[in-house]
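Written below as C-alpha cells is the structure these notes are about.
When the chains are written out, they are named A, B, C and D in that same order, and each has its own residue count from 1.
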Amino acid sequence: MTKPVIRIGLIGHQFMGVAHSNAYRNAGMWYDLPAKIEMKCVCAKDSEENLRLFAERYGWKEIETDWKKLVARDDIDLISVATPGFLHKEMVLEAAENGKHILCEKPLANSYSDALEMLAAVQDKKIKHACGFSYRFTPATALAKKLIADGRLGQIYHVHARYAQDWMVDPTAPMVWRLKKELCGSGSLGDICSHSIDMSRFMTGGEIVSLVSQLKTLVKKRPVSSDPSSPMDDVTVDDVAQVLCEYDNGATGCFEATRFAGGRKNHNCIEINGSLGSLYWDFEDQNYLQFCDRSLSPEVQGFAKINATADFHPYGGGPWPQGHGIGYADTFVLEIAHFVSAIAQDTEYAPSFVDGVKCQQILDAIERSFNERQWIHI
Amino acid sequence: MTKPVIRIGLIGHQFMGVAHSNAYRNAGMWYDLPAKIEMKCVCAKDSEENLRLFAERYGWKEIETDWKKLVARDDIDLISVATPGFLHKEMVLEAAENGKHILCEKPLANSYSDALEMLAAVQDKKIKHACGFSYRFTPATALAKKLIADGRLGQIYHVHARYAQDWMVDPTAPMVWRLKKELCGSGSLGDICSHSIDMSRFMTGGEIVSLVSQLKTLVKKRPVSSDPSSPMDDVTVDDVAQVLCEYDNGATGCFEATRFAGGRKNHNCIEINGSLGSLYWDFEDQNYLQFCDRSLSPEVQGFAKINATADFHPYGGGPWPQGHGIGYADTFVLEIAHFVSAIAQDTEYAPSFVDGVKCQQILDAIERSFNERQWIHI
Amino acid sequence: MTKPVIRIGLIGHQFMGVAHSNAYRNAGMWYDLPAKIEMKCVCAKDSEENLRLFAERYGWKEIETDWKKLVARDDIDLISVATPGFLHKEMVLEAAENGKHILCEKPLANSYSDALEMLAAVQDKKIKHACGFSYRFTPATALAKKLIADGRLGQIYHVHARYAQDWMVDPTAPMVWRLKKELCGSGSLGDICSHSIDMSRFMTGGEIVSLVSQLKTLVKKRPVSSDPSSPMDDVTVDDVAQVLCEYDNGATGCFEATRFAGGRKNHNCIEINGSLGSLYWDFEDQNYLQFCDRSLSPEVQGFAKINATADFHPYGGGPWPQGHGIGYADTFVLEIAHFVSAIAQDTEYAPSFVDGVKCQQILDAIERSFNERQWIHI
Amino acid sequence: MTKPVIRIGLIGHQFMGVAHSNAYRNAGMWYDLPAKIEMKCVCAKDSEENLRLFAERYGWKEIETDWKKLVARDDIDLISVATPGFLHKEMVLEAAENGKHILCEKPLANSYSDALEMLAAVQDKKIKHACGFSYRFTPATALAKKLIADGRLGQIYHVHARYAQDWMVDPTAPMVWRLKKELCGSGSLGDICSHSIDMSRFMTGGEIVSLVSQLKTLVKKRPVSSDPSSPMDDVTVDDVAQVLCEYDNGATGCFEATRFAGGRKNHNCIEINGSLGSLYWDFEDQNYLQFCDRSLSPEVQGFAKINATADFHPYGGGPWPQGHGIGYADTFVLEIAHFVSAIAQDTEYAPSFVDGVKCQQILDAIERSFNERQWIHI
C-alpha cells in the first residue's frame, strides 16, 4: 500500500520561506505521515542563480520566478504562501481558483475584508487551508490548551500576554519592509500581536467581544540603508501595539506587542488565570509550561515548571526523549506534518483561514479603536 | 549633644498598623537616625484589653480609642494613619489642623478631590507629609530609579507593570472591607494598581498624560462571613484594573492589577524599556533588579540579575552584608527612617502627599475612563 | 497570669551579635511567646563608649566587657555566645558551670573533642542548649523537612548541596579572623559547609557514615589591611571544601563550600532526590521551596516553586500574609522564639549541642580525610 | 567549481543513529559546507524491512546488516559509529584499517586501554577522527569557551558540574543495555559524566591531575522486561558517579552524574568560577549562557542571562535570528557540519579521539579511585 504524494509549491524564500522549506523537508522524517511530501518547486523574485542555490540547499526540485505560473501548474497540490502580507490575497485567490490546498503565513491578510474574501474563496473550492500560526505547534502551548479543555483551570478570569522583541530598539536601524504599511498592513500588531491573539483563542477557546487599544510609532523616520547618512524614510506602522479587551466567557485580556524591548529577543509570553489554576508560557523557554494547580494541597501549591517534551505530551513532545527539547524550526515541522496529514486524510485542520479571519477581525478592530479613540464591539 | 525626640501616634492596628509599629520600633536600630523615636500612643477601634495587648507587644506606651483625642494631644509630633481609605481625609485634616507631621497610607484618599483637599491642608501648615508608597524603599527599586536617572536606559519607551495577587480567586471567599467602595474607594485599583502607578513615576520621573482603562468585577456577590451559607453581599469595587497610557516623555504604559491570579502571591512587577537598556523588578524576588545594559558588547548582553543588597546600593542595600536579603517588613523600616530623618533635619521628603495626589488623579481618571468608555487626558 | 521572664546576656557584638540582638528584641513582637525576654546585658571587647552606643541602639540594658563576669551573674538566665569559634569552648563551659541556658553560634567548636566536652558540660547541668544553625528556621527549609518526614520523597537517593559566596574572590582582599585557623578552626568548611551538613541532617534525618574530601587554599597570602602595600600574612584555612559521602540510609551526598564563586552572594542551596520526588532550596530565594512530586500525573510533573510563607506553612510562614516574604534577620527571630519557648516550657529543643557535636564530628572527619588522603568512616 | 562529495556509512539506528541521520541530512541545508554529504548506507542489526523503512525515512540510499562489509566498501568515506560502547573498538579499528574517516560516539571506548589502541589506529592512518561530545556544539557552551579564552574569567578557581536525569528513578523500570557493564562499560559515569568532564576540558582548557570518586548502584536488580513479574537481572554499572578533583591550573572540580534525580530531565549543567567572573550553563536552558562579569561596576554586577543565538555568537548562534533558539537535534547538525568541513579542507578537528582518550583516562581513574578507595594521580 503506497502513500499518496503531496506536491508542494512554495512562494517566498526569506525567513518564512526557509522555515517552510525545512519543515517540508523533514516532516516525514520526524513524524509518520499518511502521505509523502514532494518538494516540487520554489518560487521567488530573485536571480535564477540564487533561486537554484536555494532550491539545491533546501531540497526543491525546480524553481520558478512567476508565482502565477506556479499556482497554475497541474503538478502542484499545495501552495505555501510565505511572502509579505500585501501579496497574500492575490496569491491565495489565484491558488484557490486553481484548486490548490493552501498554507498562508500570518497575518492572513492586510485587512479584514481581504481576509474574508480569501476565506470565501477557499471555502467555495473545498480545498484545505491553513494559516501559519506556528506557535500552536509547540508541545507546551498545546499542553496548555489541553489542560484548559480538561477543565483544569476552571472558569477563565484573565489572559495576559506580551510579545516583546528588541530588533528595532536602535533608532538608526535601517528601514525594512516590515515598517511600511502598504507592504505589511501593520507593524508589531500584525507581525507579533497577531500570534498572541491567536494563542489566546487557541488556548482558551474564548473570543474577544470588545476592546480598546493604543498604537504608537516610537521612531518615525529611519535611514533607507544601513549607511546612517542615507536618506530617511517614514515608518508608517506601529512600533508598539497594546490592547485591553473582554472575552465572550467574561475573561479580561491584556496584550502588548513591541519590538522596542531591549534584551527581549522573542519574548512571546502568555499567562492565563482561572478559578482553579493558572498557566504561563514564554517562547524563550519554549519547552516548558508553568502550571499552578489550585486543586493541590495549598501546602505544595506553586507554579510547576513542566518540561512538556515527553512522548505522552501533545505532539509526542517532539521527536526526542523528554528533556531533549525542540527548537524554533521544529514547530513548523509539526505544523506541516499536521496540515499534510489533514490533506491526505481529508480531516479538519486548525488553524485554518477561519482562524486567520478571526484574528484579522481583531487586528482590524484594534486599529479602528485607536484611530477613533474608542471601544470597539466585535 | 542629644538627639531630638519625635513622638508618634499611630491610628490603626491591622495589617498596616503592624507594619508601621515594627518600623517605628526598629528604624533606630537598623539605621543611624538624627532623631529618637518615641512610640507614644496607638489608637484603634477595639477593646481596651486588645489594644493594651497590642501596645505591649509592639512597644507603644499608651493606648487611645478616640482618634480625635489622639491627634489633638500636645505630646504627639507625628501621626501615622493606617486605617481604611474612607477615614484618611478627616484624620489627616484634623491632624494637620493640630500641626502634626503626617504619614498617611496609600491610596491617599478615596477621591482626587479629597486628596487635593488633604494636600492643601498640610501645605498650609508647613508640616512634613508622607504617603505610604513603601515599595519605593526597596534597594532594588531605588537602584532602578538611580540607573534611569544616571541615563543608563536612555530614552524611555515602555512601562509594563503587573500587580497580581490571588487571595480573591475563590468565589466563596467572604466579604471584606476592601470589597466595599464606600470604605476603600476602589478595589485592586486603589489597593495595588496605585503602587504600580507610583512605582512608574518614582523610577522614570514620567507623568501619565492620557489613558484608557478597563475595570471589572469578576465575582459580584460574596458571603458576609466564612460560613458559606451566610447571606450574600454585593462586591462594589473592581476585581481587576487595566490601563493603557501615554507618558509626557512619549513612553507607553500598560498596567494590570488583579487579585484573581492563582499562584501569584504578591507579584508586583514592572519592566521598563529604554533606548539603552531595560530593567525588570518583581517583589516576589524583591532583593534583585534585572538590568539589560545595551551599552555592553552584544556578545554578552542579557538581563543581569543584580543582588541589590550591597552597602554601595541605595539605602545601603539594607542592614546586612550583600546577599543576606531583606523581607517585606524592612521596606517600612526604611520608609520610617527616611521620614523621621526628613522631619528632624527639615529636608524634602518623597513620596509626599504631592505624590499621593498625583497618584489619586490617575486613579480617578482610570475610573472615569471606564465609566465613560473613553480616553481621558490628564 | 504573668509570663516568666528570661534574662539574656549576649557575648559578641559583630555580625552575629547584631543578628542575636535583633532577634531578642523582636521575637516577642512577631510571635506569641510563653515568656518575656529581658535584654539584660551585652558583653564585648570594645570601648565602653562603643558598647554603650551598641546597647542603646539594640536595646540592651547594661554593658559588660569581661565575659567571665557576665556568665557568673545571678540575674542572667541565658547566655548567647556570638564570638569567633576559638572562644566558644571556655565561654560555654563557664556558662554551663554557672547553670545558664546557652545559645552558641555554629560551628559549635573548633574541634570535635572540644564539642564533645561542651556537650558533656551542658548535659551534666540539665540546662537548655542551642547551636545556631539558623537556616533551619526558614519556613521553606522546614517545609522541606516536613514533606520528607511525610514520606513525600520516598526513599532518599541523593543530597547535593552547595554553599557559595564571593567575598574572598579578590586576591587582594585583606586578612580577616575567618582566615586564621587558630581563631576559627577552619575556613569555608566550618563557616558555611557546616550549614549544609546540618541542613542535610535536618531535612532528611540521615547521618553521614563515610566520606572523602578535598580542601584547598586558593590564595595563600593576603595583606593584613586594606592598604595593598601592607605586609602579607598567611591564610591558614581552606578557601574551598568539597565532600563526597554516604548516609546511613544509603543515600549519596555531595557538598561544596566556597567563598570564591563570583556572583554568588549567599548561594546556600540544597537538592534532595528521592524515589517519589525531589526538593530544591536556595537561600538567595529563601521564601521558596521547589518540589517535584512524582506522584502527580506525569503530564503535569515538574518542579513547583512554592511560596512557603502562608500561615499553614511551618513557623506560620513568618509574620506576614503569604507572598510578603521574610528576610535574613527573620530566621534568627524564629530561632530565638523557639529556644526561649523551649526554656519556658521545658521542652526539647533542636538544633541543640547534640547537633553541634554531630556536625563537628563530620567537619573533623572532612579535615582528617584530606590530611590523610583517604576515606573516613564515622 | 564543484564541491567534493563525502559518502557516509552509519552504524547504528537507535537514539544516536537517529541524531546522526538528521545531522547528515540537514548539515548542508543549515550551513554552507565545503563538501556535499551523500548519505550512502545505514547499517544495523535489524530486519531488512525495518532497516529499509529507517533508510527511507531518514534519507539513506542503501542498507547493510553486516558492519564489516560496510566499513570495507570502497564507496564510503566516513564511518559514523553510533552503537553501544562495547562495539566501538572493533568497528573503529576495522574502519581505520580501511582508511575511513571516523566519527565515534562517546564514550570512545569501554576502557582507557581500548581508547588508546583506537587512537593509535587512527593516527597511524592519517584519517580524520571525531569523538561525539556533541554538547560542545552549542552556541552557549562555545561562547563560554570563548569568554574564558579571552581572559574574561581570569584565573580559574572552580569547576562545578552536575548532569542529572531521572529515567531510572522508578525501581521497577526494566533492564536496558545501558545498565550492563559488558555492554556499556559503566553507567551514569560513561553515559553522562563523560560529557561533563569533556565540557570542563573544552571550556577551561584545564586537565584533571588528581581525583577521588564515589560510584554507587542504588537499584541493584531490575526486571528484564516492562512486565513487573518478569525475572530480575543484575544492574552491573553505577547509578550515580561523583568526583572531586584538581586541575593542572590549580582549579578544583566537583562532578555528579545521576539518572535518579526526579524532575531533572537532561540537567547537564556546569558552573565555572574565576578571579574575574563566573559562568553557568544548563542544557535544560541550552540557548542561554549566564555570565557574571566582575569587571563591571559592582553596582550592576550579577549573572547576565545571555541568549547566545545571535549571528555574532559562536557557530553563528544557529540558523535563526537571535532568540529563535535551537533544539537538541541542532547540536549534532553543527557537529557534522564541522567534521565534514574539517575533512573537506583537511583542517584540525576537535573533539577528536585525542579528547576521547583524555576523557577515557579520567573515567578509568574514577572507577579505579572508587575500587581502591583512594586518590588517583593522572
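Everything that follows uses one rule, which is that a residue touches a chain if its C-beta (ideal position, glycine included) is under 8 Å from a C-beta of that chain, and two chains touch if they have at least 3 such contacts.
It should be emphasised that the depicted structure is a prediction, and the values quoted were computed from it without experimental measurement.
Asker: Going only between touching chains, how few steps reach chain D from chain A?
Answerer: The distance in steps between these two chains is 1.
Asker: Compare the CA centroid of chain B with every other chain's and tell me the farthest one.
Answerer: Looking at centroid distances, D is the chain farthest away.
Asker: Measuring centre to centre with CA averages, how many angstrom lie between chain C and chain D?
Answerer: 41
Asker: When the centre of a chain is set as the mean of its C-alpha atoms, what distance in Å lies between chain A and chain C?
Answerer: 53
Asker: Would you mind pulling out the distance in Å between where the CA atoms of chain B average out and where those of chain C do?
Answerer: 35
Asker: Could you tell me which residues belong to chain C and also touch two or more other chains?
Answerer: 264, 292, 301-303, 307
Asker: Any idea which chain A residues touch chain B in the complex?
Answerer: 157-158, 160, 162, 164, 169-171, 212-214, 216, 218, 240, 242-246, 250, 252, 254, 256, 258, 260-264, 271, 273-278, 292, 294, 301-303, 373-375
Asker: Please name which positions on chain B make contact with chain D in the complex.
Answerer: Touching chain D from chain B are residues 143, 147, 288, 290-293, 296, 298-307, 310, 312-313.
Asker: Enumerate the contact residues on chain B facing chain C in the complex.
Answerer: It comes out as residues 15, 18, 21-22, 25-26, 28-29, 57-59, 165, 167, 264-267, 284-286, 307, 309, 318-330.
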